[in-house]
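Sharing a structure here in structure tokens format.
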């Protein structure tokens, strides 16, 4: 078995990473770091863990110095930036600390200088080495839609919509249910830190606007690829994902839905052509905590460890 | 008092039109047409109407031949197209039957030839005469955002999101709560009939994609005006709506929210500039049943009748 | 005009009280207290207030010493308990500080000794004097259902369900949208502080269980009156509310719905008989922020001031 | 492998049964009946089935005459009542047709005479033989809470709340999202057909009131066991479910939540004592489509076939 340390178990990405680790045939949790849960039994995180045979929670700093084959960083950007990877261990950083390669850009958005980390979006940008920066949830959806067709378009706009778990478990006025229910809130309009991440991978700037949906989990990116042909785009996407067990290209005329990817590590991609202007519209739906976070983290760890790429993933939700 | 006939009281737009008529100081309902409610007492539509002094419901055909100063057509496109306006009466058609002026386009989208109806979006396209085509909900939001700045942009894309009441009260699989809750559904992607309506008013084609939100009411149009300057756009919009009691231009940096316009006939407009590409983003939020339907219908009737433009409107929702 | 000071404008009950004061023909806000908003313009609370001619926000302590005919206490229990009512002013306390008359019970639940305040649920327990304790939202619903029939039942159980605004605007893990959406959470099971309040008014103990609903606003109390006859209960309730503009007794067979009372100060009451056991079921739906808080506060103030009881109330929501 | 025929694949229970069959190591679908999908490929039901190797859909009548070891009846009561079980096959009826043993009661509620079917709620009422009536969703929750303690209570009331999928996929006004969102609807108050089912198993009449929640899936039964001691009730429930992999008795003070059982075949049970009256409150949460329908159906089939009781079940949802 491969030993695993998770830093930051109490947040959404930490919980979901633990979930996938428990379902993984080759991974075994040996250190569960959480400052808020340190010293508490497993069921303090969730009553469903009452029956699981888990190590007790320890402070994050203690988990950071555990002996483990794999470390998952499910902590804030600053803490992740400060983590010193042990020699030989695989480290997957689910924060944004190591996503941006350009030092000035990284400094501007995360106040952190990037190191020699590989960007890991396996279907489009396969990670290399043992230090992997896990993409942002919006960036994952936009890049699954646009990565394979970037050179076909003259201009690209991304209008994205995410469930509230994308904003994390921290208590904020904008995540209060009274502000979320029966509402739709655009935020960080034209100024979100996933924009430079998408631009870095595509090689050019994109206009990006995120909106907060009144749903618990799930994310849809509606991408406008001005100047691209829909037929060419579809061909490229089928080429890219035809053999994937993770990304599903939908039949012509079928649109992605959050409901079909919630609680899973799968993604759906669809291509449409606007009747009036000919603009190519590529949509991608995924679960922001699955393919958009923990699921992709496990996938990246699997690749770095030489395991089956989809081991431990939740690829199929319930059928309703 | 001005006498009113409503054709189609049992649907959402009919109910809301009745609501505004009851709140209107100058309008008095004299004929309430509804085939499903014909012969039933007022509270059969809603227990809250138990105390109201209302005429009994009659078949739509009977309401259509009533003597009334104003007719509100809250029926399907076909029925609205078949309605013969009495001489001298004001008629506001809340269906799509009379929105498109080009015969071929109207035929293609509604199977109906347009007559001599005026398009009534008072703040941007002031209606004339006594026959008024009430705009679609998406078109209203897009045109409030884009109408005053159409000539500033090289290219325009509209990504819109609407609550489920926008699809009407008819029973459809896509309106079943099991398909709506915890979901987001793009539909009629690049092929929605409000696209030609927006194009007609702006004078050029637009790329338009609607999405179904898991909310009861409320609509947001996120409009991308490529090539326009955000400062110019803001100036134009403040000029256009500075004196309006219906449309509110938000302070710099404040985004529209459904929660603030739900249950009202008001709209919110905001302008942003994308940091990476300079693209101007104009957003408009409104209640699809208020400013997007019944509220605007009353506003149009007020203008045609020479009444105070905002009489009977619900301009302020509860403050939470 | 009657001058009004609101202590605590930034919370839900404060916002809604301000809303009703602005809509009231006789009330004029002269002091708006909010520590978080002190010194800020009105639109900092809500962009919709941009056009209103309002005094600037001041610290709560400053508002507490304003000269005003009416004070609305929309602050926490401790702050409300510490407020010293000016001679001659009307004070409506929307917190729980003055609801419980028994000193030991009040101390146990609120850590506060009650003063000479009158409990104000106008339809059932008409307030007297100028110091009025505004009932809790759950208590209001339970007492509207049970107050008029208390002596008919051998035993009473109240199963209540409330929208998330009932828990206030404070940031708590249980109000995070990720914990609320697609969920239903029983809380304070058999141990909620509205239980002794209901018991005090009915004169005997009741079993009370509240549940948190995934809705923004609205509350339903399903009350089981074991041993009462449904016909007798209906007769009593029709007697009690037949002339009310606030409480609506629904026709036989029609159940209350949150949707019909949201955003209003009205309430709906219905009576059913269980087919198998003959148990009488009385239900009451109301908006926890309306009849359950601010609306009732205004109603109580109107009575204490000798104004029309329903002045300023929102008695009719939109009709959909 | 054990061959399976599903009658009625397009409804919610049919879809979920197919989901569990596909995940089952010993079951193989050989006939998929659906009149609406007959002749269509698997992905017409759901794009996620595109990759599955499934037989084409056939008319229900054709599936009913297939050679199969197990039949799951996911059709209406009438169709299920008319089905003639082949000799030697196991049949699990997910409709209500065979739940009520008393002929007059069955006739009154389902218009159908019961046959020699066994009621299958494995943890409390273990099924016998090869013809199994699968309990209703509300009945399952109420009986998991009350079955083991029925003799302890003097009187029992069940206040239940269910997500909209409990009402099926059929198009009804009450399942329209416009009627469900931001709402809570009591229905069939004191007159629901699961009441006689609960009464049959407990041996005495119960007062039962269901409410429709604005959630997609999940059900909570709040059961009031008047006269029972909470300590005794807890002891009985721990005895009953201590070894179960399906039903989890929660630690003292922890309430069940829909979120933890959604998408699973597990259930949560908790016991509380009302502080004021001493009433024992037992709550049970489950997924109405999981333990409340398809999951229990598979569990019953496993028992009838002599397979591992939990084979194919989804016992663990995602951890957030």
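Should a chain be cited, it is by its letter among A, B, C and D, assigned in written order, with residues numbered from 1 in that chain.
Convention: a contact is a pair of C-beta atoms (placed from the backbone, for glycine too) under 8 Å apart; a residue touches a chain by one contact, two chains touch by 3 or more.
Because the structure is a prediction, the values reported are computed rather than measured.
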Looking at Cα centroids only, farthest away from chain B lies chain D
Across the interface between the identical copies chain C and chain D, with over half of residue numbers shared counting as same and under half as different, the residues used are same
More Cb-Cb contact pairs, comparing A-B against B-D, go to A-B
Between chain B and chain C, the Cα-mean centres are separated in Å by 35
Taking each chain's centre as the mean of its CA atoms, chain A sits from chain B at a distance in Å of 38
Chain B and chain D have mean C-alpha positions lying a whole-number Å distance apart equal to 43
The positions of chain D in contact with two or more other chains are 12, 165, 178-179, 181-182, 214-217, 259, 320
In the complex, the residues of chain C that touch chain B are 12, 15-16, 18-19, 22-23, 43, 46-50, 165, 181-182, 216-217, 248, 250-251, 254, 259-260, 263, 268, 289-290, 314, 316-320
Chain B contacts chain D in the complex at 12, 164-165, 169, 171-173, 175-182, 214-216
Within the complex, chain C is touched by chain D residues 155, 157, 159, 161, 178-179, 182-187, 189-191, 195-196, 199, 205-209, 211, 213-218, 220, 222, 224, 226, 255-259, 262, 272-277, 279, 281, 283, 285, 320
